[in-house]
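In what comes next, chain A is part of two complexes: it sits with chain B in the first one and with chain C in the second one.
Up next is the complex of A and B:
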């Protein structure tokens, strides 16, 4: 099911207008990264997808549901959102209860719940931590719990708000694996990230937001190659893209294989 | 004499079974910018707490060995006096906002107010610090209605403004945008050049290599390796132990196998990579 955003504007109660007219369509099964400066409006935008925020003007629809016409509880069956700050999301006394909460709440059958929870725990490698209180875990593992509790809900779309923040290389690899698995299942994955190399390696489409508006939107390679425009929203191209540019390679490269074959051709 | 000395420091939290820091020996010179890297759970934050006095004075637990900063022993000091010399930016900035203030400006001024800095000087210092971290336009906003990265900048600024002799930063750029991250590394570098001693936990190796003087790789509570950034960050030992490396390093390592990287040393920074790959 598509996500449609029409002329979305949003003003916080403080009077700050965080989104200034956003138009986007995200197709079912797409893997989309959202990048941009701190305060650009990334979190504000995605919080509209599961109804945590409602448009001041304009509209957001998830499939045939317009978010203003449905409760957040109902929207949760279509869109799962992993918070930027896991502490706003987690409330259970142990990891297993936390991860089971979402699928239980959606009213799935017991066998399905067990299966979904088991899979979410193994994808995030939390199997040895099921009895731990999330607050006894480090912030990085709390984020993995937050992730597991959303993927266990098996929603057609999932949103990750800065999933790799503070994670080590091994956990970043786990998160990339989760995204690849969700993709195989045909799910829509929308991820906010400041890790541009991670973005280049795991997403097909990139949206750059700047000051509440869409600055760039397109195939990862095209968007991530636009050094000057990206700089307007404080984003650098991926490391290998910068390197390719400095070396005068004609094509924009983003990943290791491409870079090495470009260098081999040149040699 | 070193400005910071850790001698045989071993520490265990009240509830952990094994020591979280084991036999840490470390010396840091005044004005040095040291970066600490390591996987999740390696003990990076605990090391930060130890330097900042929270371990053991706040967390309790069992500690042995000595921690000395500017000639004073942590074991013979109280947290109140220790924090006058050492500033810590916590890993989770959400926990750091004092809750006592209505605006970002007041939040950042809070610490200076507490130590009785005169009003005019305070205003100037807060404004300077906010402009360094790029948050001048947030001055009148509420510290609670900020984006994650903005909160992190506020937390960092409220430490920088105190101008501690030892600045301890626990993943200060984890939620910052890419160019903002690079700018923060630059600000920290400048502080070190002005004589501040800096310990910064980070994952962003490209910028560590560009800006830090020395890297300490921590694993399972022990120092696995330390040395010059390029030397540590390109070593096979780190890769074998699951540490992250820059794309320049991993790509050159692969290119080397195919005869496309001819230098002895691998690159960590863009300039090093350009130097080795250019025709």
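Up next is the complex of A and C:
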């Protein structure tokens, strides 16, 4: 299910113009990272994908649904959105009820709900915590509960808003695993992130936003190599990319294997 | 994303530039005079001669009118009706509604009380809109108000807008999970639970975090604290405060003398 963004402009009631004409197409099954400085419009942009915000001018459509014509509750069946702070959405007494909340809202049959919840729980490694109150879990596990509660909705597209902020290395690994599994299932994953190494390792396409406009858009390797342009939106290329540049490697490298093989070729 | 943390509206106006204490005294003066000055039309005159000009002077007339129409006038109107019907004064019945009587005296009495309430709420609204809470508190603590007291006031002023912003985020998060908050009343009533839980819990956590944060900055320290932010207090401010104080004393004095 493609996401089409057509000349999208958005002005907040305060008068701040957060998006100044965005044109994008995100194809079904793509893994997209959105980067850019604070205030570049990243969150404002993705909140249009499930209709939390409606365009001031221009349009956003998810498949054949234009977001202005459907409520967020309805669009939730096509786009899942994991908020940055899990505490803003967890309310149930135990993890199982929490994770079932989304699919129940979407009105799936009971067997399907059970199956989806089970899959989401095993994907996020929460199987042994189903009876626990989410607030008795550590912040890192609460984040996983929030992830599971959206994944269980089985939407064709999933949005993550800064999933790795405040997470330890082990949990970042778990989140990367979840994204890889969603990719295998053919789902579209859109992630806002400031963690540029995480971005380099897990995403094929990177969109850099600056001051409400698309600064760069393309394959991760092409975008992350543009050190000067990325600097305009205060994004540094990944550590390995910068190291590769300083070492005078001809091609842009973003991941460990690429770096090692590039060094090996040169030696 | 753009959360308003208080009722304050940032404008460049004469009213904004006054010292916070001056505005506080002005607010109290308006309220006390409206309630004590022994002349029937006092609150009505204050609305026309003080509240409305002040809102213009503070460049917040539009926002003030919206608040007045949506909140203050309905509340004062309700008070008027209740008192007009239930105040057992006068015999000259001018309107009857089943067993409820409205007399000329009760209408006049209710009208004045409603206007007094209107002056009170309006004056406070203007004060809150034109004064940044932290400016008010840094000025008052500089004058010797205990920090704990300042904290209670400032957190009261800020809690509503903060909770509002928080509630908005929670509603967005739950709508993203397919929670229907836009259709029938029954459905919406049922959807309250997923909203209240995170709001209450989150607010409690916030209170604790804030307490730790301010203590980490020496909140209960007995030392005299300096402030980075100087709040101006001009000779005009001082003159205005004394003048207002004189008005308050005259008003209360006349009230006591004539009663």
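We adopt the following convention: the second predicted complex is superposed on the first by the 267 of 267 C-alpha atoms of A that agree within 3 Å, B and C clash if a C-alpha of one lies under 4 Å from a C-alpha of the other, contacts with A are read in each partner's own complex, and residues count from 1 in each chain.
Assume contacts are C-beta pairs under 8 Å (C-beta built on N, C-alpha and C of every residue); 3 or more make two chains touch, one makes a residue touch a chain.
Owing to the predicted nature of the structure, the values given are computational and were not obtained by experimental measurement.
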Looking at the overlay on chain A, is there a clash between chain B and chain C, or do the two fit?
-> clash
Who does A:14 touch here: chain B (first), chain C (second), both, or neither?
-> both
Look at A:162 in the shared chain and tell me whether it touches chain B only, chain C only, both, or neither; answer first, second, both or neither.
-> first
Could you look at A:266 and tell me whether it touches chain B, chain C, both or neither (first, second, both, neither)?
-> first
First (chain B), second (chain C), both or neither: which does A:87 touch?
-> both
State whether A:127 touches chain B only (first), chain C only (second), both chains, or neither.
-> neither
Once the shared chain is lined up, is A:36 touching chain B (first), chain C (second), both, or neither of them?
-> first
Look at A:235 in the shared chain and tell me whether it touches chain B only, chain C only, both, or neither; answer first, second, both or neither.
-> first
Based on the superposed arrangement, let me know which partner A:101 touches: chain B (first), chain C (second), both, or neither?
-> second
Per-residue touch tally on chain A - higher for chain B or for chain C = B
After superposition on the shared chain, which partner residues are touched by A:57: those of chain B (first), chain C (second), both, or neither?
-> neither
Which region of chain B runs into chain C, 4-12, 58-66, 112-120 or 148-156, after the two models are superposed?
-> 112-120
On chain A, what residues does chain B touch that chain C touches as well?
-> 12, 14, 16, 43, 85, 87
Chain A-facing residues of chain C, complex | 1-2, 166, 169-170, 172-182, 193-198, 201-202, 205
Sites on chain B touched by chain A in the complex | 38-41, 45, 91-92, 94, 141-142, 145-150, 152-153, 171, 174-182, 203, 206, 242-248, 250-251, 254-255, 258, 260, 270, 273-274, 277-279
Per the touch rule, the chain A residues reaching chain B in their complex are 12, 14, 16, 36-39, 42-43, 84-85, 87, 138-141, 162, 165-172, 194, 196-197, 231, 233-236, 238-240, 242-243, 246-247, 256, 259-260, 263-264, 266-267
Note: in the complex, chain A contacts chain C through residues 12, 14, 16, 18, 43-44, 47, 50, 52, 71-73, 76-77, 80-81, 83, 85, 87-92, 101-102, 105-106, 135, 149-150, 153
